[in-house]
Amino acid sequence: MEINRRDFMKLIGGSLAGLALGGAAGAMMKLPKSMEAVLYSGPRIESWKLTACTKCPGGCSLKVRLIDNFPIQVFGNPLSPVNEGGICSMGLASVASIYHPSRLTGPVKNVNGEFVPISYDEAYKILSDELKKIISQNKHDDVFLVTQTESRLRAGMFNKFSEEIGFKNLILDNFRTASSFPYKNISVDAPDFIDFDKCDYLLNFGSQMAEISNNPLYYTRKINEHRSKGFKITSVQPKLTPGIAKSDDWIPLLPVSFKDFALGIAYVLLRDEKYDKNFTGKYFSGFNDFRQYVLDNYYPDKAQELTGVPSDKILQIGREFENASAPAAYFDEAVLYNSNGTQNASAIIALNALKGFRGFGKIKDNFFSSMLGKDNESIENISFAKLKERLSGNESIQALIISSSNFVFNNPGQEALKKQLSSIPFIVSFSSFVDETSSFAHLIIPDHDDFEKIDLLFDESMGIPAITIRQPVVSQFFNTVDTGDILISLMKDLKPGIKIPFQNYSDYIKQAANKIYSNREGILMDQSKPTAIEKGLRKIGWNTEQYPSFDDFWDSLLEAGGWWNPFADKESYNPKIDFKQIFNKGSLLPKSSLYSLPNNNLRLNIFRKNLDYKGSMSIYPVLVEQFGSNWSVFYELWAEINPDTARKFSVNNRSKVVLRTNKGKFTAILIYNPAVMPGNLDVPFGLGHVDFGDNCGVNPLAYSDDLSDKQTGKATFSETLVEIVSASPGDSPSSAQIMTNENKMTGTESRSIYA
Amino acid sequence: MPGKIKSFFGKLIFIQIILLSFLWMLAAGMTLLLINLVHVSYEVNDHQSASIAISILGIAIFWVLAGILTYVLFGLYKGRKKGA
Amino acid sequence: MDNHQILDEDEILFRPIYQTGKGFYVLAAALLTVFMFGVVMYIRQLIFGLGVTGMNEPVTWGFYIISFVFFIGISHAGTLISAILRLSKAEWRRPITRMAEVITGIVLLIGGLHPIIDLGRPDRILNIFERGRLQSPLLWDLTSITAYFTASTIYLYLPLIPDIALLRDRGGRFNKLYTILSWGYEGTERQKHVLERAINILMIMVIPIAISVHTVISWIFSMTLQPGWHSTIFGPYFVVGAIFSGIAALIIVMIAFRKTFHFDDYLKKIHFNYLGTLLLVMSLLWFYFTFAEYLTTFYGHEPPEMRVFLYKFTGGYSPFFWLMVFCNFIVPVVFLSNKKLKTIPGILVASIAVVIGMWLERLIIVVPSLANPRLPFPTGIYIPSLTEISLLAAAIAAFILGFMVFSKLFPLISIWEIKVGREESVRIVSERLNEYLPSKGHIRKQIV
Amino acid sequence: MPKYGMVIDLNKCTQCEACITACKLENNVQIVSKENAALGRAMFWMKLLDSNFEGAYPDIRPTKIPMLCLQCDEPPCTKVCPVRATYKRDDGIVAQIYPQCIGCRYCMANCPYSAKTFNWLKDEQQIENEKCYNTDVSVRPKGVVEKCTFCIHRLQAAREKAKSEHRKLQESDYIPACAEVCAAHAIYFGDLDDPHSQVFKLINDYRKFTLQEELGTKPKVYYLSAKAE
């Protein structure tokens, strides 16, 4: 610390960030000695490199600014069709993680509670021996692999690994797989994208499309476009997040009754006979049962009773939906965050089916699947639910392999989970930090930082295949190893004589890229969008992009940072669906108890901010500080409440409250927010890390009931009851303040500023 | 004895002059400052008129004050009883 | 030769200079420690930056600016009052003026330092001389305060000369110093004349300067766009407040010395009576201004203005606000408009209340406006830190110390003016009266 | 001489806060310690104006406004600065001279938009953030006022670049970080006097408004907003 002070003085004296970079280095940056020298006395030469962001499935293309080959800043790549130069806060901050002082610099072994550094060979030996033992005992079933990597190729690698070795229990739980699970559940494959060219009405169930989705930046642009075309967006959500606020209609609704609402809408369609008879006839098996079931159980008044949404509102939405030529009822992973998530999703799928999924589309002969191998099938038979079940049951787990997943932090019932984990004989983690989950590991072999890895990211959600390549912008800093390479060498060791067509992970990536090369379509991301003429020329086989060999292509691919195919054709999405096992007569859920609150109780509704994608924000100080900044709450948990509700409990704005759930007490700063559902207490998810970066605030999941979706085991975010135990005075805004906000903004009474 | 007194008075007036000159220095200093500031305001050309107005006032006051004190002190000095 | 035996009729006025009790040293030591503690805290602030204070965003000004305005306000006790009294030939002024002028001198020094204490980078203060902008109200202050300080020091010094001469003639301590400072004053006609003339000129000159000073300070605030500051009334409002607090401070000082040095024979009940009445008048005037200020705000009902208004009247600062009204209006009016209560202790209570009240008023002016920004940012909170409190204490300590030092060097009551008064004023006043009283003969004529 | 200005389309803005992060990293704005943040000394050159709502539940909408220094054409802050540490450039940008500021905070007191921030303490920049320093921007010492400068260092760089390429400065050359990263393309930046620039067209849009118009500070950051039916 002393050193920092001196360095700071130097920095103030020099008053040049350049100096700061050097001056601060010794004390501030975790770097190999050799690099520090460069940092101190580098020529300060600027260079730019293209890479991709793996924070979310979107795969934005990044423009990294390097000074003396140290990544300093990140911007969006303007030529990328995914983000068109845009970038989100997480992407901007992401550069910090590579220097993080608490980052693991090499493999560590857990010697009774202490993590002691060991050589990679030793670590690898421990791992392979452990697995060999298990295999020799033929206990394949007792090995669990958990990974939440957003890179589908990486996921594919895990798949290959578990198949080759014969580990059945691969939990592949990234955003995309989770979102498509409900489709898999009725054994159809999910639509590739919302066809914004056709879609003229978007009914969004609980998805924060512009914030946390499988392509937030693309949806951000598209939502604006869609609305500027005069089409409507209706969002069904328990929380009016800034992104949701963009939609024309907001239906405040608890996730538990999404199903009821969806079927309520379906009723309107069925009653008005405005559904796609052709489609239901052809593809919707058991339609008549379904029809009957809905007509019996979901007449508007009933739906109102179940959901609390006024029946005329339901009718209105229903009419809008049925009169749209190509409506889309959209949902993603978020819909699963409650105890009957899969059912909700199925209901929404059914609703889409009534209009023949006209709002959705698929890419014609999409070669991604061929490229990826079977990337996300595994979730069919195994989901996080199974792990939980196994952990709680008496069947023992021999080994647990965790990669880029911090499920202890992201799930309720953490106490139990921790106890169960500590009873597992062998846990290996590939995390590059000691976080809530990997702290239970017996062995940690840290993976590269995102900026040191190579990866390919795919995305169809734009209706065109787009691939961005994550290439290493720096040579690896520390003694870290790419998890992919470890898996490959493991395969070789555990299954002697296995045929693997690639030597290491980057080979594997190259081969995937080779498919693009051989496909001969599309263009690199180093040129602006093709004009109509170009497209026309393409149609008749004109192709300017000729590469003598794959290597040329590969080089120019790295240079361009990505590839996409604006000429790909779409086809309509019409799956054969069958809901027999899901909606049969009588299985009508009773009205959720959450609506009839016991007095002095509130619903704890946990919401996610776009600054924190999956509880990994805390290593980025910029984001942590910014997290609550627009409520002027810093490094603390806050709880938003509807002023009317607040008055009932007589708690003031910005007062510090103590909250109690079944799991215990925690404090938060109460914030008046008129856009909160009455009876809700909205708290953000992302703070409260114990041993992972910047620990401050509270993790609400640690205090919420241990409920989860039956099939996917996804945590419930809004089904916990909470009560306010005590509150400090705080300050109540004077009436004038509230009255005159409008004028304060614009300075004029008349001016309205609806954003 | 008288010589001693004489010498002391010789010193005395000297010291007194110095004391008085401090005030004049202040006045002069203020004048210089204000003039400098006016000059600066011309240099970067922002609201010269304001600067001038203020500086005129300021300068005048200080000189008058210095003047008054000088007048008094020398008046007193002259007004001493003859043959003291 | 041993002049100490020459007993003057006003011997008691010389006594403080020559006799020093044990209490003096004890008190001095105590005050010095307080002062030094303040100095230490300030050095700490220099090292760590203004973060050690309680200031934050949006409340970017705190105790320092408040004390600045407050002390400069007190300074009006002196010169302005004594000048006005001299101008109006009020004979009862004679024992008062000196103390009043001393207050000015000391307090200006202290107050003038506060803006520098408040700076984030005092090391760069010279930038003001190099690249200063005379358009900035802060520079107007710099100029006017310097001018005021110079003027009032001279105005303190000139009437002091005859007394210094007296001291010189008594010989003893600091004789050389006195010799130098007295400029050979021997009370000849010519010297008297010169002195009279100079004092009269200064007297006229000081009044506008004094008024300008506080007007300019008020302009620091009213030149901004802040709700609650941007008001035309601020100039006169501050001046009135300044004189108000000044008189109160003067009364306190007078009573203190009356007690310690037994000046009962010089500072009689009548003086306090007059000053008390003056205080009462100022109190009413102050209330009138305050009322006018807030009434207009309330009727204008501009949203940002109203936020500040409500913040003061009902919001976070209401306790201070109403305490201020109590101290500045209710207490003085009760104690000073009522014969039974208008005793010296009563007047003392009133004046102390007023001093506290005026300090609160500065607080009420500075903080709430900053705490309620125009745009809907959350309301600011300001809690002074130990640094600020100890620096305020140090300032007060310095004030008292200054007086103690002065009392050891020069008489606290203008001896020669007393003597002159004793010898001449009766005659002069009666002559003056005769000038404007109608003569008897005139009346008889009319009857006939 | 150009007159740089910004237009923010609130109908497009999704309040993703990327501009805020970008600003913080681009300008090396210090991240204060937890205690100081709690005291209200967190430093943001760009921030979302505290939430403020329209309509009645459930048709209610938050109207958060991305706030930066509005670069007034009649800046109140420069008027009161005693040492000319903040001044308006000919191209309309209200700039700060950090080495000249004496930290009297008068400009903050006089900014009706509370757009300025003060370095209350020594730089407590957190470890991780050190590396994200943008080497083009100086780090402010304690005790000086700072604020958004439309990423003026980028203008310098752009000028030099254009010069080295022997061409005039084009509109696309110079764009502040917040405008560059905006994913919704809601932030436009350019020369308000140039009739061909996009901002020029946009400030003649019927949805245009500025904050606190009645103060006559003539902000050069305009907002676009229309009520959705």
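In this document, chain identifiers A, B, C and D correspond to the written order of the chains, with residue numbering beginning at 1 in each.
FYI, a residue touches a chain if its C-beta (ideal position, glycine included) is under 8 Å from a C-beta of that chain, and two chains touch if they have at least 3 such contacts.
Here the structure is a predicted model, which means the values were calculated and not measured.
**Q** With contacts defined as at the top, give the pair, C-D or A-C, that has more of them.
**A** C-D
**Q** Report back the single chain whose CA centre is most distant from the CA centre of subunit B.
**A** Farthest chain from subunit B, going by C-alpha centroids: A.
**Q** Could you name the chain whose Cα mean is nearest to the mean of all protein Cα atoms here?
**A** So the chain sitting closest to the middle is D.
**Q** I'd like the Å distance between the centres of subunit C and subunit D, where a centre is the mean of that chain's Cα atoms.
**A** 44
**Q** State, to the nearest whole Å, the distance from the C-alpha centre of subunit A to the C-alpha centre of subunit B.
**A** 77
**Q** Using Cα averages as centroids, what's the distance between subunit B and subunit D in whole Å?
**A** Averaging C-alpha atoms per chain gives centres 49 Å apart.
**Q** Which whole number of Å gives the spacing of the CA centres of subunit A and subunit C?
**A** Going by mean C-alpha positions, subunit A sits 67 Å from subunit C.
**Q** Can you tell me which residues of subunit D touch two or more of the remaining chains?
**A** 40, 49-50, 52, 84, 122, 141-142, 211-212, 215
**Q** What residues in subunit B touch two or more of the other chains?
**A** If we look for residues of subunit B contacting two or more partner chains, we find 40, 46.
**Q** What positions in subunit C touch 2 or more of the other chains?
**A** Residue numbers touching two or more other chains: 131-133, 135, 139, 374-378.
**Q** Using the touch definition up top, name the residues of subunit D that touch subunit C in the complex.
**A** By the definition above, subunit D touches subunit C via 36, 39-41, 49-50, 52, 67, 76, 79-85, 100-106, 108-110, 112-114, 117-122, 141-145, 211-212, 215, 217.
**Q** Using the touch definition up top, name the residues of subunit C that touch subunit D in the complex.
**A** Residues 48-51, 54-61, 115, 118-122, 124-125, 127-128, 131-133, 135-139, 220, 223-226, 370, 373-378, 380-381.
**Q** So in the complex, the part of subunit D that touches subunit A is made up of which residues?
**A** 10-18, 20-22, 24-26, 28, 31, 34, 37-38, 40, 42, 44, 47-54, 57-65, 98-99, 122-123, 126-139, 141-142, 180-185, 209, 211-215, 223, 225-228
**Q** Inside the complex, what are the residues of subunit B that reach subunit C?
**A** For subunit B paired with subunit C, touching residues are 8, 12, 15-16, 19, 23, 26, 30, 33-34, 36-38, 40-41, 46-47, 50-51, 54-55, 57-58, 61-62, 64-65, 68-69, 71-73, 75-81, 84.
**Q** Residue numbers of subunit C touching subunit A in their complex, please.
**A** 303-304, 306-307, 310-311, 314-316, 374-379
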